[in-house]
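There are two complexes below, and they share chain A, which is joined by chain B in the first and by chain C in the second.
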Partner chain A sequence: MGADGAFRLLGRPAPRTEAARLVAGGGAYTDDLDHPRQLHAAFLRSPHAHAMIAALDAGAARTMPGVAAVLTWDDLSGVVQPMETRHGAFPGLVSPLQYPLANGRVAYQGEPVALVLAASRAAAEDALEAIDVAYEPLPAAASAEAALDPGAPRAHPALPDNLCWAGEIAGGDVDGAFRDAALVVEETFRFTRHTGVTLEPRGLLAAFEPAAGTLDVRISHQQPHQLQTYLARLFRLPMTRVRVLTPDVGGGFGIKMHIHADEVAACAAAILLGRPVKFIADRLEAMAADVHAREHIVKARMAVDARGLITAFDVEDRHGLGAYSVYPRSSTMETVSAVRTIGAPYGMSAYRARMTAVFQNKSLTGQYRSVGHPIACTVTEVLVERAARARGEDVLSFRARNYTPVAALPLTNPAGVRLMDLSHAACLERLEALMDLPRLRQELADGRAAGRLLGLGFAAFVELTASGSEAYGMGDVAVAAMDTVTLALEPDGSVKGEASVSEIGQGIATTLARVVAEGIGLPAEQVRIFTGDTRSAPHGGGAWSSRGAAIGAEAAHGAARRLRAAILEAAAVLAQTVPDTLDIIDGAVVDASGQARFTLEELVQTALFRGYEFPEGRLPQLAVSHQYGRPQDRAIPTNGIQASLIEIDPGTGLVTCLNHWVVEDCGRLLNPLMVDEQIRGGVVQGIGEALFEACRYDADGQLLTGTLADYLLPMAGEMPDIAIAHVETPYSGSVLGAKGAGEAGTCAAAAAVLNAVNDALAPFGASIAETPVTPVMVLNALAQQAAA
Partner chain B sequence: MKPAPFGYARPATIAEAVGLLAEGDGGARILAGGQSLMPMLNFRLSQPAILVDINRVAGGGIIIEDAEGTEIGPVVRHAELLRHCARGGHPLLAAALPLVAHAGVRNRGTVCGSLALADPAAEMPACAVALDARLKLVSSRGERWVAADDFFTGIYDTALAEDEMIAAVRYPPPAPGWRWTCTEFARRHGDFAIAGLAAGLGCDGADISAARLVAFGVGERPVRLADAEAALTGDGVDAAVRALDDVEILGSGEYPEAYRRTVIGTLLRRAVAGLCSRVAA
Partner chain C sequence: MSGEAHVDIACRVNGEEIVDRVPARLSLVDFLRHRLGLTGTHVGCEHGVCGACTIVLDGRCVRGCLLLAAQADGAEIETIEEASRSGRLDALKDAFVARAALQCGFCTPGMLLTSAELLADMPAPDRAEIRAALSGNYCRCTGYHAIVDAVEAAAGLKT
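Take a look at the complex of A and B:
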């Protein structure tokens, strides 16, 4: 930061330091690591959604060439405990034990049943085929909708029913608002499951050193410290004897926040056998057994008064969370997140959401990019556009009237969401300019006159980012909301640092280095920040809830200012002056006249190698640490608005996304290049939600989309240009003022696309309230109107 | 996702290759481009005793263009035939080949491999039927030529005997006055077609005097739309689309029969409109 307070580096676009190496093939991902004594793991996974295991015979498999062991739960139970998800903020949470390998019963297709360790993955897979399991199938609880019906199959026979958790959030006079409403719009929304599909699948290389009693786990993961904590608990080891290290990580999206059963089983095998164990999930395993996300049925209604003001939302959410509440964070975080920000951009006087999360004999669901928010945004924004249409009003005018004005902030809305530092009106104004809306509307009218089925949809959003300690701390879940950066001067005057936030491909290490360089007064390339090793990085949160810039960068800034102060103090001692007269510019200490007095290299070498030159033994501290946890505000709200232009092919029902626009306010932009690319990637995942991606199961809990031929990922050829602009309203509660940005694209993209589809269908009196929108749904919607 | 153990042989001639097939006694599989076989091996859906890699058989990559049409060898890649057709080969193949998966798959995958696999949603089998292509099937017992229409017998099922391989396929030259196109519907470029159509029109000035229509992705094998062909020459495209109502079409979970029928109708209208708008050759 310059003397005038202006930033030299922050706010300017800068590519990732690691990008060239990774693009050139120089990455070292988990599967690139090998240990000379390692065994390869392969899991026998349940082909049934729900079954008792009457018998398991691995005798033949154990004698096959290259096979070191075939393990079941009976083998592991001596070294590891089953996982029990607890979260005190969800009173009444029902949480059956989840075993690393099935204990007599399987509760979802893909659940690990047995584990083969062999000299190669191929040999291990050969042995899987020789394991003989006698399953006795049980009725499968597949439908979330019918999960609590009388007589519904139970996902866990020992439980009285399939209810995992039920809760309510309410504020204001909901019934009164609906009684007095001039207009009520309502809809039942269906959101199909999808999953993260990280380019690099989950994987680990676990090694146990029996003499030292240390467990060393190299793993593709987002939260090394959380994993270290829970592995220590599960294996009853002191935390100092568990090291978790993340090499290059090829994407997370939330999938790698959790602790999967197979990961625990592989670590247990390493302890039992005393040999390193490598497990790399292949794509079949990933599709079946990575956590899924977002299976919801939401019944929602919105009340509007005679002036056209939204007065209330009343919502019922049914969340199908799968066989177990995911360990250790719980799947019910998704349930609450899916309703919490309904209506959040708008003034409303009353809000009620009733939530039920139910068990199913399906893969677990867990936190996935923009946790729950896309559900809340879609529900809100579809109802908003429907209300505007019912009133014969422009959808943006209706929004503008209902936005919470800046003057009303900060406030806590009836859903209990604390809102501050938002900019809805400014974002809308910026969007209209970005889109050149008058011209676009004319093109739309011309296209429609020519018979094209074009649709334009919008989605305003509030996203809660950078969660504070309340989210998990109040539930007694050991998830750090505080982050730490340590810095030390190297003898050449450069700075090395360790951060507790994680680099998972999003580029946060580059941004933190630039924050540090800014804070000290160094060229950016003079700072390197390392992440992902619990042995060297202080304990902290890793990568979740878009926390890197909002929390990690505050810690980095604090550490940088400490180190700067220490450098100036040391320089003042040597220069026989006072620190206030000195500054650091481009790696050199300068005096008030701007004259360079020392380079940092000279200063640090004096301290490290010739400490006697400091008078009276006043040796400086040139290694510092700073911890930052936000003392106020459960989360930092961000806001923005997205728009999507689509075209329907009336002959096939195919929806093509032609253009997409985003205006986002993530507070201070630390690195606009990376923010924009995070938003683009997020939008693509949102378009995937809206039009392509679906984990589909049949009525018996059999996964129908087990490969990437069936699970349609959005591909570059089908993606539109994505135009991005920003409004910057810094968060008022921190020094840098950055807010979370990594999930904003995903938050509202699906809602904008769905609204665009419904805009195109509106002239036909048809609408769709389910994602992904398929061509069959669209043709059916058009045909029903033709028939009517 | 690792294949079960298998043997491997890389013969230098087709004679050697079919000798290995005969020795394999049903347990041998031909490996050409591997774009379908390798995933099936990795999924362990296919567990052959021995793979007979024909990528280096003599003359396997040959493309012959003469008065009798186009003949291609057993390891001619989609990309190679596409380059050939783009320089003046058959217009149907030139239209269909870019629709085959993605460039990477076309670079390795072979046309004969696609025919041998007989995926009902693939472009090459439908084109072979539409063009009355003939396939040269060779075994150590001898060789025979089979018409494409007789070759495809069901889902992934063909007239190939266990000891036979496709040694060549021959496409007759385009007849004068005919125009050809291939069109398909998929949600993402490069996916297998939900429905597709290989279409040829014999045009006499502005009139359609003859038609050849073969649908794919809608049945157990390429589906000749004979009634629609007849309607097109007499009663026009509306009648041709109505004639689709009597075609047996297979639906699947996400894309039911009625939906695929609608899409084939759309493709038919668009193919005819596109071909009729072309300047006569």
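Take a look at the complex of A and C:
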């Protein structure tokens, strides 16, 4: 920061430092690493959604060429404990033990049953076919909707029913608001499961050194410290003997923030066999056994008074969370996240949400990009556009009237969400300019007059980012919401930093380096930040909840200011002056006249190699550490609005997204280039959610979408250009004022697309309240009108 | 596996003569990655959909996961390592870096090779043509917009 308080580096676009290596093919992802004598793991996975294992015979498999071992739970049980998900913030949470390998019963298709370790993956897969398992199928609990019906199949026969957790959030007089409403709009929404599909599948390389008793795990993961903590617990090892190291990570999106059963089993095998074990999930395994996300049925209604003001929401969410509550964070975070920001952009006097999360014989669900928020946003924004239409009013005018005004902030809304530093009206104004809305509306009218099925939809949003320690800490879950950055001067005057945030491609290491360079007074290239090794990086949160800029960067800034002070203190001793008369400009210590007194290289070499030059033993401390955890606000809310223009092909029912716009307020933009590309990537995941992506199971819990030919991902050819603009309302509770940005695109994109589809269908008197919107749904909607 | 069928192959990989005896079922991408240590080529789906394993075989982009190593006998293969070293991707690489057309980087080698093939076939493609050409390469991070920008920028430099 310059003397005038203006930033030199922050706010300017900067490409990711690691990009030059990655474009040259120099990436080092988990499967690119090998250890001598490593064994390759392949899992026998359950073909049944629910079955008892009457017998398992691995005798033939064990004798096959190259096979070192075939392991079952009985083999593993001596070295590792089963996983038990606890979260004190969910009273009454039912959480059956989850075993790294099945213990007599399988509860979802794809659950690991046995583990083969062999000289190659191919040899290991050969041996899988020779394992003889006698399954006794049980009725499968597949439907979330019917999960609590009398006589419904139970996902876990030992439990009385399929209820994992139920809760309620309520504030204000909901019944009164609906009684007095001039207009009530309601809908039942269905959100089909989907998943993150990281292009690099999950994988790890685990090694155990028996003499030292140390477990070393190289893994594609978002939270090395969380994983270190829980592996230490599961294997009863001191944390100093568990090292987790994340090499280049090929996408995370939340999928790689959990602890999957196969990962624990592979580590257990490394300990049992005393040989390194590599496990790389193939795509079928990934589709079947990566955590899924967002299976919800939401019944929601919204009350509007005679003035056209939203007064209340009343919501029931049914979340199908799969066979187990994911370890260690719990799948039930999803249902709370799915309801708590319903209505959040708008003033309302009353709010009620009842949540039930139910077990199913399906893969686990967990936190995936923008956890829950796309559900809340879709529910809210579909009802908002429906209410506007019912009133014969423009959808943006209706929103503008109902936005929580800046003057009302900060406030805690009836859903209990603390809101501050928001900019709804400014974002809407910016969006209208970005879209050139009058011209676009004319084009829309012209296109419709020419018979095209065009639709324009909007979605305003509030996203809760950068979760504070309350979210997990109050539930006694060992998840850090703080971060640490250590910095040290190298003998050449460069600054080496270690950060507990994780780099997973979002470019946070580059941004933190620039924060540090800014804070000390160095050129950006003089600082490098390293992440992802629990042996060197101090404890902290990693990558989740869009926290890198809002929390990690605050830690980096704090560390930079400490190191700056230490440098100036040391320089003042040598220059026989006081630190206040000195400054650091472009890597040199200058005096009040602007004269350079020392380069950092000269100063640090004096400290490290000629300490005797410092009088009275006043050796400077040129290595510092700073920990930052936000003392206030459970989350930092961000806001924005998206718009999408779509066209329906009446012949095929296909929906094409022609244009998409985003105006987002993530507070201070530390690196606009990284922010914009996070938003664009997130938007496309949201468009995928709206139009393509679905983990589909049949009624017996059989997965029907195990390949990328069945599970549709957005491709370049069918995605639109995405225009982005920003409003910057800095977070008032931090130095840098940055808020979370990485999930905002996903938060509202699906809602905007669904509203656009319904805008196109409105003249037909039809609407859709389910995602993904498939061509069949669209054709049915059009046919309904034709029939009528 | 003792009874496993093997095939003798001879091919050129990144200009180097390779003579090897490979399991008949070994995929070409596994051969390149695990036998030759060319880990710049990635494996995303193993069923020919995602494009992360794109390599250049006899001058055309192919999917390394849909070919067997045995089929490489007599072929000339180029992977991202040599395509990058040779300088032929420089304009694209610079544009990808400057435009942040990659995040995690896992799809990037395949995306670059496909983009280079597009620009060799079509020196000045428009955005729709770029999008169509890249539709066999999945990117889960960027949303594609920046990639299209980068290819457009690199094409502009070439023409």
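By our rule, the second predicted complex is superposed on the first by the 788 of 788 C-alpha atoms of A that agree within 3 Å, B and C clash if a C-alpha of one lies under 4 Å from a C-alpha of the other, contacts with A are read in each partner's own complex, and residues count from 1 in each chain.
As a convention for this text, a contact is a pair of C-beta atoms (placed from the backbone, for glycine too) under 8 Å apart; a residue touches a chain by one contact, two chains touch by 3 or more.
These numbers were taken from a predicted model, which means no experiment stands behind them.
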Check whether A:S494 is in contact with chain B, with chain C, with both or with neither, and answer first, second, both or neither.
neither
Using the superposition on chain A described above, determine whether A:E129 touches chain B (first), chain C (second), both, or neither.
first
Could you tell me if A:A20 is touching chain B, chain C, both of them or neither one (first, second, both, neither)?
second
Which of the two partners, first being chain B and second being chain C, lies in contact with A:A28: first, second, both, or neither?
second
Answer with first, second, both or neither: which of chain B and chain C does A:G651 touch in the superposed model?
first
Under the stated touch criterion, which partner chain does A:P775 make contact with: chain B (first), chain C (second), both, or neither?
first
Between chain B (first) and chain C (second), which, if any, makes contact with A:R283: first, second, both or neither?
both
For A:L708, using the defined touch cut-off, is the partner it touches chain B, chain C, both, or neither? Pick first, second, both or neither.
second
Of the two partners chain B and chain C, indicate the one touching more residues belonging to chain A.
C
On the A-aligned overlay, A:D248 touches which partner chain: chain B = first, chain C = second, or both, or neither?
second
List the residues of chain A that touch chain B in one complex and chain C in the other.
122, 126, 282-283, 709, 715, 717-718
Applying the document's contact rule, which stretches of chain A touch chain C when the two form their complex?
15-16, 18-20, 22-29, 31-32, 64-66, 122-123, 126, 196-201, 248-251, 253, 282-283, 504-507, 673-674, 676-678, 680-685, 707-709, 713-719, 721-722, 745
The residues of chain B that touch chain A in their complex are 1-5, 43-44, 185, 187-192, 194, 253-256, 259, 262-263, 265-267, 269-270
Contacting residues of chain A [partner chain B, same complex]:
120-122, 125-126, 129, 282-284, 651-654, 691-692, 696, 704, 709, 712, 715, 717-718, 774-776, 779
Which of the residues in chain C come into contact with chain A in the complex?
1-3, 23, 25-26, 33, 38-47, 49-50, 52, 79-81, 84-85, 89, 93, 96-100, 102-109, 112, 127, 130-132, 134-148
